[in-house]
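Should a chain be cited, it is by its letter among A, B, C and D, assigned in written order, with residues numbered from 1 in that chain.
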Amino acid sequence: MENPNQVVLLETMLLIRRFEEKLEALSKEPGKLHGMMIVCTGQEAVAAGVSAALEPQDVIISNHRSHGHLIAKGAEINLLMAEIYGKRTGYNKGKSGTLHIAVPEVNALCTTTVVGGGIPIAVGTAFAAQYENKDFVTVCYFGNGAADEGSFHEALNLAALWNLPVIFVCENNVYSGAQRQEEHTRVKDLADRAAAYGMASQIVDGNDVQRVYEATAEAREKCLAGDGPILLEFKTYRWGGHSTTDHQVYQPKEEIEQWKQRCPIEKLKKELLGAGVLTEATWQQLNEGVMKQVEQSVQFAEESPWPDVTEALEDIFA
Amino acid sequence: MENPNQVVLLETMLLIRRFEEKLEALSKEPGKLHGMMIVCTGQEAVAAGVSAALEPQDVIISNHRSHGHLIAKGAEINLLMAEIYGKRTGYNKGKSGTLHIAVPEVNALCTTTVVGGGIPIAVGTAFAAQYENKDFVTVCYFGNGAADEGSFHEALNLAALWNLPVIFVCENNVYSGAQRQEEHTRVKDLADRAAAYGMASQIVDGNDVQRVYEATAEAREKCLAGDGPILLEFKTYRWGGHSTTDHQVYQPKEEIEQWKQRCPIEKLKKELLGAGVLTEATWQQLNEGVMKQVEQSVQFAEESPWPDVTEALEDIFA
Amino acid sequence: MQQITMGEAVNQALREEMRRDEQVFVAGEGIGVGIHSNPKFPTFGLLEEFGTRRVKDTPVSEAAIAGLAVGASVMGLRPVVEIMFNPFFTIAADQIVNHAAKLRYLSGGKSKFPLVVRMKSGSGIGAGCQHSHNLEAWLAHCPGLKVVMPGTPADAKGLLKSAIRDDNPVIFIEDMILYFVPGPVPEEDYSIPIGVADVKKPGGDVTLVTWSKMLGAAFKAAAKLEQEGISVEIVDLRTLVPLDEETILKSVTKTGRLVVLHEATRTGGFGGEIAAVVAEKAFAQLKAPIKRIAAPDIPVPYSKPLEEFYLPNEKMIIESIRAIMQSKEQ
Amino acid sequence: MQQITMGEAVNQALREEMRRDEQVFVAGEGIGVGIHSNPKFPTFGLLEEFGTRRVKDTPVSEAAIAGLAVGASVMGLRPVVEIMFNPFFTIAADQIVNHAAKLRYLSGGKSKFPLVVRMKSGSGIGAGCQHSHNLEAWLAHCPGLKVVMPGTPADAKGLLKSAIRDDNPVIFIEDMILYFVPGPVPEEDYSIPIGVADVKKPGGDVTLVTWSKMLGAAFKAAAKLEQEGISVEIVDLRTLVPLDEETILKSVTKTGRLVVLHEATRTGGFGGEIAAVVAEKAFAQLKAPIKRIAAPDIPVPYSKPLEEFYLPNEKMIIESIRAIMQSKEQ
């Protein structure tokens, strides 16, 4: 596989960042959004790097912190934003909201806010690839906290037993709600859990988009060659609280600052500036373009109609 | 800890063996027993060796294949047999039957036939020891099949995180229902799963009662010293089918024969004969004594009254 | 017509649908190689006919089994998975309730989940309350699921075919005792629509609504009552969701009396739903109190006499019906 | 009298019981250090007062949390564990249903399991159907469990105390919206018995049985109807199991009319149980059809107008009651 276009990677991360920042801001404006928001600020490299290694036919299964995953896989932010607003024009007609947006258009087939709930589902989508002998992989995103759920265990064991083409992506952002990793498990590296199923694994710097891309691309090739599954642990950090209603009393300010020094976007930006691929001017352009897109998505969402209340009764049975 | 009396160990194993053989025979006599029977023939060394290392205050949590565990912990076979018959005089007044006999009298507090269901409960009983700073351990028995349930994962992680005094006993008898271990997981040694929780583990020959005893005694000491929990994997074999209604089409005859060569009772008997601790005559005595006990338990059960049907409505709320 | 048991009927339905549609596969614990090698068991011989690609033995991992079905179905396969016994549904419940049932709605109708979950249920097998615990009322109280619970071999076969062809998650609950009870089943290909109750015996005095194993006791009681001059109409629900209110209301409108009979425990059982529908929509037609006959509010006990006591029986049905026939018209 | 919210009332009950009885401990996700540091949340400040021995933060492992409670309670401790949201009960369900509820019975009455499982429930929080899904009917259909679902801060406090002191597994369901609604709560130590419904407002024309959050809408509708000359008696169930049939039947005997109101979806909801009890035991007193008012059979949608549409409201209550007042007496 060829290296992805670095500027496109940067732009993807930037789009995710600005989208999430906007949501944080909107969540503070009373009456704008319904419910709390869960954003992935600081973790953009995981979504961007993973999706850069994927093809359109590849499936992703996502969790409560999904916006980055969806954007990186190609979801349109207008339709995402409208969904988050609860508007009829949203990807799921407002039925889903921020926590479980499905975007079948880009094969983001199941997003679940039940922690760990998506992992067994990924076994099913991967099984379909094997059953029909099709060339696609499933990427299953979940957090460090989810790795303690029973569903993780059952699913990884079954995936390994059947040799399924699935890449389990553990996005280790240090926290599970208000708990630090060392407060929810004694193991340091969750990647080590793969051995309990006879599965391969790898630990990767989740703030280095290029490393994320490479690990995923390699894992994908293995899966397609019939040597899957694999567990990838991406070490990263959640800059904000768990959600926009989090009081963040437990999260040390210095820790946040340290991780901000390792911003995945700044890192790539510096590299590209250094390599002459990017100039300050093109960076400004990029940023402005992205900001504009985000503003437009808000406008689209705000101008979109609400669903008619009786639409609540639709879409239950096929 | 002092070595246990070897003759007592032998007698315990023999009692379990004859009890289970009797149940198998009874299950073939129409109209005697209600439902299928699940017996532990061939696995006696695990129960006997484990319990030899335990004190009365130690708690055991057992599973569907419980008779051996209960007998070794000190349950009276009359009351067990009566329970299996469904009689009022049984340990649980006939409400439980063979699959979930609780014997609080010997701290066999919860027996469950939900595969893996007892493992989280053991976390709770062990937590009580820690909470009240009491000197007892919990032994949690489960099979190789149970190690694939999500409950195993959640429970072991929590036990390790909190450093609880619990010995997880994986009785690996090769099969889970009709599935061989290699058909339900890719890992060879289930003990390896402990590493996924930062927990200690050990693999032990489950047909060598002395080794079982030693491993348990050592584990118990560690737990009491605050260095628990631990996962012990005892390698053993289920001579019979999963239950008495099993057609055993999947279980190779040669394999059964091979394992019968490694009979835990024969092994100890030979050793004790060799060491002069046992003679053929005392062995005969032992065997006859045990057979008589078992026959008496059947008589006790058969002569015991049925519960009155309205007793079905009792014992639901305290 | 062939006389086969419900176990055999389910087996035929599975075979015929697997032959018809390559997208159908089965998975579960002991589905392929099991401890029982008995032609009266639903999955008997499937492995031999369809091989390991389509007949998947799984580890003891109910959440993974259910998740497998959810994921495979959204890709267009048609999984028919087995949760061995109804109480083990609890372990698969998150996948079934929060995922299978909700994900289509959450997608705004974009995705579909054509999966079937088969579960064994029912008392009478001497296995106690962790194997026998009828939870159909739970499943019926979960929007997004269809719930089918047949009482005869013919219904089981026809309904399972519909379930497999349905584009929605269908819970298919099989009573274990019925696996061994024979009945007539058409030889030709047929299916029975989900959501349609069946008047198994017409009658004029009282409507007896029931489903699954209790159908047998209903028939016996009705035969005895007939001799006393009381004519019982037996409505076999067959499908709990969607509920065929029309058939129930039509019958009650005719008879003016309703008895609901189920094996599950009384409090919170699905009998309450039937009673409520009738007390709201056919109140004016009712001539007598609505009676529910159900198991007492206890776990299924093991001891044979206690387990027999647990199960609602013919005598209770007869007494209940006699009582409401005597109760003064309002 | 102090005016506090249900969140604060639960907090007081937990504190007072933990002070009173060393055997009581709390465990759950974010129970000690959580993402919210808000005095209106039930576990606010417990860690500070009682320390890490008695306030146990757990990993995201619902089955382990419930198993912890089962095991600790059989040893004589009194665990009060939290399952964060009602739908996550599915992950703990095996422990609660097959173990907490059944193990005493299976022991022949030898063991007891004095545990409390607290769960948040209810729509209106904009989190969608995997957080909001009222499953109280499931729990009420599981022999061996008591099920409590308070509608006011005072009831919550008094009932939680009884739940903690009860020797049986008690499921205690708290509506999240009510965490923030204040009400009068006695300052002194008191408890409210489990299993006793409360006539929250006497009335002569129609009995309105409800529980939890819907109590608010019931009050509003009753006030409006009063102006039309329709006198509504509001029976707040408070406890679903054991069900206080007596209070319900007494009220219906007086009024002759029954409306049941709950937030959970209609089909299979606990409203069916109430309707069935009344249609059997107070049939002769009924002057009109029994009405159920409940959410439609859909998952809780996210979009604000859709989520509002989901929740039964004042208007529906008023219209239902008007309708049954007009329906001809039989």
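Brief remarks on what is shown
Please note the rule applied: a residue touches a chain if its C-beta (ideal position, glycine included) is under 8 Å from a C-beta of that chain, and two chains touch if they have at least 3 such contacts.
Protein names from UniProt, one per chain: A, B = Pyruvate dehydrogenase E1 component alpha subunit; C, D = Pyruvate dehydrogenase E1 component beta subunit.
Everything quoted here is computed from the prediction, not taken from an experiment.
Using the contact threshold fixed earlier, the set of chains in contact with both subunit B and subunit C is A, D.
Averaged Cα coordinates give subunit A a centre that lies 36 Å from the centre of subunit D.
Per-chain CA centroids place subunit A at a distance of 40 Å from subunit C. Once the centre of each chain is set as its mean CA position, subunit A and subunit B turn out to be 46 Å apart.
In whole angstrom, the spacing between the mean C-alpha positions of subunit C and subunit D is 30. Multi-chain contact residues of subunit A, defined as those touching 2 or more other chains: 93-96, 100, 112, 114, 117, 148-151, 154, 157, 161, 183-185, 316. Multi-chain contact residues of subunit C (touching two or more other chains) are listed as 58-59, 61-63, 87-88, 91, 94, 98, 105-106, 128, 130, 143-144, 297-299, 301. Taken together, the touching pairs cover every possible pairing of the chains.
Listed in rising order, the residues of subunit B touching subunit D in the complex are 59, 61, 90-96, 100, 102, 104, 109-112, 114, 117, 119-129, 131-132, 138, 150-151, 154-155, 157-158, 161-162, 314-318.
Those residues of subunit A that touch subunit B in the shared complex are 148-154, 157, 160-161, 183-187, 192-193, 195-199. Subunit B makes touch with subunit C in their complex at residues 33-36, 86-87, 93-100, 112-117, 145-146, 148-151, 176-179, 183-185, 241-243, 245-250, 306-307, 309-313, 316. Residues of subunit D touching subunit B in their complex: 25, 53, 56, 58-59, 61-64, 66-77, 79, 94-95, 98-99, 103-112, 114, 143-144, 146, 167-168. Across the interface of their complex, subunit B is touched by residues 29-30, 33-38, 57-63, 87-88, 91, 125-128, 130-131, 296-299, 301-310 of subunit C.
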